[in-house]
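There are two complexes below, and they share subunit A, which is joined by subunit B in the first and by subunit C in the second.
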Partner chain A sequence: MPIHDQGYRRYLGTRSAIGGSWQVMTRAGVMALISKRQFIGLMLFAWAPFVVRAVQIYVSATFTQASFLAPKGETFREFLDQQGAFVFFVTIWVGAGLIANDRRANALQLYLSKPMTSAEYIAGKLTILLVFLVGVTFLPAMMLLLTQAMFAGSLTFIANNLYLLPAITLFSIAQVLLAATTMLALSSLSKSSRFVAVMYTGLFFFTTALFNALRGITGRSSFAWLSPSASLEQLGDVIFRLEPRYQLSPAIAGLAVVVMIAGSIWILTRKVRGVEIVT
Partner chain B sequence: MTTGHQAIGPSGHQAGRQTMSFFAASRRVFDLSLGEMLWSRRTIFMALVVGGPVLLALIVKGIEMYGMSALRVNGQRVAGFGIFGVMIWMLFLRFIVPVLGVFYGTALMADEVEDKTVTYLFTRPIPRGAVLIGKYLAYLTCTMLVVLPSVMIVYFLLVPFSQLPSTFGNLLIDLGLLALGLAVYGGVFAFVGAFFKRPLVIGLVFAFGWEQVTLALPGYLKQFTVAYYLQALVPHAMPPDGVTSILQGMFRDNPPVAVCLAWLFAYLGVFLWLASRAVERKEYILEQ
Partner chain C sequence: MPDISPAPPVQDPFPPDRFAGPVVQADQLDVRYGKNVALNNVTAVFPTGAVGLLGPNGAGKSTLLKSLLGFLVPVKGSMKVLGLDVASSALEIRERIGYMPESDAHIPGMNAVTFVAYCGQLSGLPAVDAMQRAHEVLYYVGLGEARYRNIETYSTGMKQRIKLAQAIVHDPDLLFLDEPTNGMDPKGREEMLELIHDLAHNKNVNLILSSHLLPDVEYTCDHVVVMDKGTVSTCGPIAALKGSHGTVYELRVKGEQDRFIEVLRAAGYEVADTDEDVMRVFVPGGSHHGPKELFALASRQQIQVRHLRLSMPTLEDVFAKAVGEA
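Our next item is the complex of A and B:
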């Protein structure tokens, strides 16, 4: 049909209801990342501690002389603590440019002019980060628990430490949500992904350095609430039924984490808007 | 060192058969970059970072003035210079110096590539390496102008006047090693920024991954870090602040000052040369 014959035609395609567009964004974001070999390398490297722990469990289950290596409840706590480093690097790699790059390219207005709400946009971006962060925290920790049962050939350990299932889940959720919401909030504040990454590093390392300096000066660790990482550690100890490592009420540690997450969500709702109002 | 290019004026007219030396070209870029660096939002970030220790020192001073007991550890009063030492270790050496090195060092070339302005710099009749060196010198001036005065303020806030004569020499050592740290980390990360595609992630992995892990390991691996030589020059005792610090303290050995200085200057020279060479040879592809 010649072009000049084409008049107005009604849209004949299907229109998906509002509320599902975030999945498209998540799928595209995840696919873009897993197509990069370097990133896959980082994700594989993040599973190295799992391999080490799995070997440890195998050796302890096979050789009675190595029974001292047998996993305990706190083994899983230590494992998730170690994964903190990978959480940091994955968050920076994946999250720094999530909103900052869209702001830089003025794509935010374009996204929000489609049938997509800002909540969907945030959900879509957040899920990209969550997918990869769950992949380096919750997933390997649960796999480790499963590996223990497989190598031991019984479910006795899991039955005796049933609290590990909710503990791993709850701590992973706190760890992943804290990292993801904070990074996304910072990403919405700037147009430069590198600046965002440095702000995130500053937020986590500087607050920890500040807390350590205060601990060195006063000899007390009650200022752990200053550092989101330290608050999370304190919360983790309580979740895993261990002796808390800092002289800080777990309720305050929990509150610090909740305030951080809530503050980040508040920033996101303020910054992710289709129209920039200039006053 | 001179180039065979002809100097072209800003209006595009040929200014004659003048050649600009490497030094003069670096100085031009330095003049241009310093203003940009000083009046950017990065400086706000830097001011916030170095403002933290000053604020902490103010709080400590306030507590001390009101005679409160916050500055007692196990019943023993902590001396002002001891607190200053803790802050040098925990805040400046372990965080501020590496993070500023990573942030600014990796941005020297990466910023120009990201903003797609590198083409304009490279079309000027100056050696490409001079662009990097000029920007590096601007980074060094800018960070030193912010970090070193902050250390001085913290020192004068925390250390009582009676202790000034006996501790001033150590302050000078602190200032010197922080300046050296900024220079060496800046050089290393300038190379990372000029050579790698994802410089910031690599820089962070080096500063907060590789350096922290290898310092807590026995053997020779820690000699492949900047922190090993830098920390050996610190005149204060290392404060213990967790398992990593205890391990680092266990495997810590203090090489002689001359060896540390030699290695640090070698790192600086080698990495700056490599960075300059990378800029000279690399073809930067600007993303559309």
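Our next item is the complex of A and C:
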């Protein structure tokens, strides 16, 4: 009997309900990334600012001479600002190839021939990026807040700055959603992950450079909406109850971020298809 | 006291009743790419078993398969796959079908067994079952020894096999195979056709094989749907289509072959040129006077017949007639 006669049989086991495929994708994507040492190195490095801040909190809580180092509400804002650099690198590392590699290998038609909608595909890919971005923004910021309470031995700081909990959550959401959706949209536009990385870097630096050039020429910072990162900074200042750094209405800054996210999702819905139609 | 209850009945590993009705029904289907009409009023019924979707390049075969998968939305008409409406039950359909695309397709960065198991999971199989079946189907398609290799290092033939493996890992009720032997060497092609034949005839998997290669369809399929220029030219059981075609004669004449072809066509015969100056003449119906009539025609035109032989009608004849190449 040929070996292939022995190798195929009917499957009589259970099947999971339709709608859970995105979780399979996310699990596979996350596992693939955490199996890479260099990436683990980057993630650990992204927690270095947390360690520094934790030491700062410990010193200020332990030694009265160092009380000037005690954290304030804006400490957490500064911390999330610093994490912006890691958000940038993690976004490029994780996100550049998420859809571009699938497009290069014609994998979209395989995915979408399974019981999975394009929305589920996008959700699965987006969640991979969100998991790691939350891991370098929201998670360390919240850990820092808990560390403060732990070293201080009381919840007084948290009680006095209760707005920090929603502020950290809200700003982290804006930060990771903006980065993740923008990167995923760019990734869906090309078959080369390197090109996507260059596009993302270009978008980031070009818009910031354009804003700074206009700021230099006009002497006004009301063009901050041109730069997604500047808009996010402006939004962050408002969320953390700080003096806004640009002459831009927070509503316009928020709108710029929302438009960027919505535009990215629109691109994704246009590009993630089982068949590419060129007319 | 020992349990002496009877053992559960052994299940037939290949119960024949996967799906009873027509596996695919397309009704007045129009599909367009922008202004270009890809499918024009296509109405076809694909019965259970192995059905060949034949046609020259650009006939609309792949477009039809992609429409059935829900990748393309028709501007008009309706489609049913396994009795379910494509427009409203695309996910339920995709859960029960396997698709082997024409182009090279894989998920990057995975070895074969991980890839096939992953596809199984995406189709709803639990992780453990998906991994077990991945090993089984990889052995089935002949990639057992190479299952831990990264797919990107595979040859074209191996990539075709892995595409088949991912399409059958979840044991679909219906398989869509789009040009499954593309780019394969003769031995690999033969093995692939053997696998497809085995799936259809021994494992009771319904399949639709899209191909422009007539021998592939003739070997693996029982029914055929012939497409040309976005429409269905003919369809039915291959045996019936070949039988109803009349009698075929191979004919070679001395000189003025082109003129004699015109004479034959004027006399109502269908003639197909083949290599080496041999023409295939189709004599419609069950007439046994074909040779006599052909000799008479040649005699009247003072053309010498060098060779006349009764031939077996092939799918090529059916195809040639359907797409108007005769």
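The definition used in the following text is that the second predicted complex is superposed on the first by the 268 of 279 C-alpha atoms of A that agree within 3 Å, B and C clash if a C-alpha of one lies under 4 Å from a C-alpha of the other, contacts with A are read in each partner's own complex, and residues count from 1 in each chain.
Operating definition for what follows: a residue touches a chain if its C-beta (ideal position, glycine included) is under 8 Å from a C-beta of that chain, and two chains touch if they have at least 3 such contacts.
Just so we're clear, the structure is a prediction, and the values are computed from it rather than from any experiment.
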| item | value |
| --- | --- |
| Touching partner for A:Gln109 - first (subunit B), second (subunit C), both, neither | second |
| First (subunit B), second (subunit C), both or neither touched by A:Gly202 | first |
| More subunit A residues in contact [subunit B versus subunit C] | C |
| First, second, both or neither for A:Arg37, with subunit B first and subunit C second | neither |
| Partner chain in contact with A:Tyr11 - subunit B first, subunit C second, else both or neither | second |
| Set of subunit A residues, in rising order, touched by both subunit B and subunit C | none |
| Residue ranges of subunit C touching subunit A (in the complex, touch as defined) | 11, 13-15, 33-36, 66, 69-72, 91-92, 94-95, 97, 99, 101, 103-109, 118-119, 121-126, 129, 133, 136-137, 139-142, 144, 166, 168, 170-171, 194-195, 198-199, 202-203 |
| Complex interface listing, subunit B residues touching subunit A | 41-42, 45, 48-49, 52-53, 56, 60, 70-74, 78, 83, 86-87, 89-91, 94-95, 99, 102-103, 106-107, 110-111, 114, 198, 200-201, 204-205, 208-209, 239, 241-242 |
| Residues of subunit A touching subunit B in the complex | 38, 85, 88-89, 92-93, 96, 192, 194-195, 197-199, 201-202, 205-206, 209-210, 212-219 |
| Residue ranges of subunit A touching subunit C (in the complex, touch as defined) | 3-18, 20-21, 24-25, 28, 32, 97, 101-102, 104-107, 109-117, 273-275, 277, 279 |
